[in-house]
């Protein structure tokens, strides 16, 4: 009897392992490996333009004491935070419209339309934005037609925001919509029955209840904007040195991959902390 | 939600504008892929199919497209399967360090692509894989499986957890309960994850450039055109990949959203 | 192909060609051609550059393109020896390739150096301890590239014009410190722009920083092309005919001027990768690229035009493409490319001699965020 139970327990354990192991094992092999290597790499030396295994703190010292690193760090964080805020604000009305003002069929079509651009070549879309924003580009010509003189909009903070919102908006809308759609509708009805106006319902009931979705959406927007180099390069004209651009520049300084690794690890640490803090905030009980 | 007609209309109009914003670059991409001038300026030049002809006659582009398809056809099923397994394990079992494993599994999208590209190259070349299609495949699975896991996990959270146990209590084996309950209720989200993994694999360029060596995918081609010989061939390849991704995504979300909107009703 | 090609016939023709293109790799495989790999700057292994050689030797050249020598070195460092048969690089990176032991020694007797202008018989960056490691294929000069509608050739004869108030927010930079700091070092009157004392280096940093208010942006190769074409920027220091030549083909009113203070020279070359199993074929390729016919072809590459070291190649350019030859500086008499070199107006681009490369790079990063 005990052996039967044991066998059963064993088969259950095997069954569980079969499902829970593949992804962690794969990631341990092909993701943890590279990441550990990256950490190790940050202590290496560069001799004659060749990476040489070593253990020295010089790379960390060099980057963490460089003024341009911290200014790029602050700039990147500010740009990513603005982009996340902007994307959240633009997405909210859209997500509300999708969740509350549409028939299920129209809702499906609209959500579909918002998702499609996220998975189409981002490189190509940013390249296309150049045509709108450049000197004598579409925007300038359109503005001139209605009598407003503008210069080129490329290499401005506005261009950066356009690029980053292009990247993140679809994802934010979808996450917010999923969160709003799964709200308990009786809650909203109850608020109305208690005599609350629409504004009150929105701010006192809907938005607090949808907080996880809103926070997670903003978090993803922040993560994507923080690591992006395509917009900073092609719409920012390289004038706004972000950490991703700094990584590329560091490498140009005679194979300084170890220093690039330091910058990268600082980025990863920042994103991990931001992610953990936002998730804790999103699911905090009120 | 009960709101005035004006509020409703304004909100919907704003939503429309957001769509225009997202589709504007896609539209110009199509237009300029058919424009005869080499550099994208307005007014437009003449109409031409020259850029499509050029890329279709370019053995590098064709090889890149073939590689893209080969890679996606392996990446998508493997990543979906692993994503599914992880999502199911999270839904069904409790084990030590489960949370840690979950955070770990969601980490790859957090890391800047240039960085993960370099780290992957350094690592894969040490195990003798760099510069090959398998290297690209291995990396793409790392990058896409978290997406698959997230989508499928979302679906699991809507399934009544007791159903499978009930089936088991009625004497069904693990497998039979699984077949009877889990497969039918998740198959659409699995398909959706499959298509999304394919789309992400299509679009990835940074890691692929590093680990691919001489092997290229169509996104890597776009990147090299973009960094060097600015040419409407970018737009032509962009249009083709756009149409491909869009078909995959439309298929995927049709399936997911049908389920999602039904449940939310 | 004619414009407005949306007729049924046109479409049929296009799809037939597409089908043909799809079939090419299969046919090629059937004949079992040899494959040779080339690590090259973008566009150097396109059909217009390699098709002739491929046909001649029944070989298929598979390129891996990079943008920027650092990418190339990183890739080589992480790939097994023998991955790349041919390596195409700029002269200053050849030194690094040699030091890192990535390339094979070459026998100078294999290549037609006698046909090259004497300046290129023993080009410094390509020799190491009196051994040859790379053969020059093309070169070009960097000075001021400008839009002729906004800046005249006469104006561009001095780098001082970059600070002119009327070019505020119209100066663009190619995002790489070596060419930019090189020309600004010339502007400061340094006879050897890359071999400067600590004092001159401080001065150079000061000069560069004072230019920042004029700067519109920092661009990669593609960005340089689009921004000069659209009028986003009107003048760029440290850029050359390799950019303006491409834009002029597309009808832009742009050119490159080498100011009185001098210009910088960049040099492309071919080497054979360490451990290549097709070294013999790679040697043949380099011979072909150095021959008069190969040289003429290289001067006119689609990706961008450049000056060639071959005297016979010059003759043919002058006879067959006088206009392009003139813009590149390949003509007889005063002020041609070789003449500029002999007059000492041109300085070879190289890594800084007295400072660490990292210092120059750190300064460039700081300048960009200033």
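We call the chains A, B and C, going by the order they appear; numbering starts again at 1 in every chain.
In this text, contacts are C-beta pairs under 8 Å (C-beta built on N, C-alpha and C of every residue); 3 or more make two chains touch, one makes a residue touch a chain.
Worth saying up front: this structure is predicted, and the values here are computed from it rather than measured.
Chain contact topology: the protein chains form a complete graph, every chain touching every other one.
Looking at which two chains touch through the most C-beta pairs, you get A-B. The centroid of the Cα atoms in subunit A and the matching centroid in subunit B are 15 Å apart. With centres defined as mean CA coordinates, subunit C is found 37 Å away from subunit A. Multi-chain contact residues of subunit A (touching two or more other chains) are listed as 130, 136-137, 234, 257.
For subunit C, residues that reach two or more other chains under the stated contact definition are 74, 220, 226, 230. The set of subunit B residues touching two or more other chains comprises 40-41, 118, 122, 226.
Against subunit C, in their complex, subunit A makes its touches with residues 48-51, 66-68, 71-72, 75, 130, 134-137, 152, 154-155, 233-234, 236-239, 241, 245-246, 249-257.
By the touch criterion given at the top, residues 68, 70-71, 73-74, 77, 96, 99-100, 175-177, 215-220, 223, 226-227, 230-232, 357-358, 360-362, 364-366, 368-369 of subunit C touch subunit A in their complex.
Touching subunit C in their complex are the following residues of subunit B: 36-41, 46-50, 52-53, 56-60, 62-63, 118, 121-122, 125, 130-131, 213-214, 224-230. Partner subunit B is touched in their complex by these residues of subunit C: 1, 3-6, 10-11, 14, 17-18, 20-22, 24-25, 37, 41-43, 62-65, 67, 74-75, 78-80, 83, 220-222, 225-226, 229-230, 247, 250, 302-303. Subunit A contributes residues 11-12, 15-16, 18-24, 26-27, 30-35, 37-38, 41, 90-91, 93-94, 96-98, 100-101, 104-105, 107-108, 110-117, 119-132, 136-138, 141, 165-166, 169-170, 173, 178, 181-182, 188, 192, 198, 201-202, 206, 223, 226-227, 229, 234, 243-244, 247-248, 257, 260-261, 264, 267-268, 271-272, 275 to its touches with subunit B in the complex.
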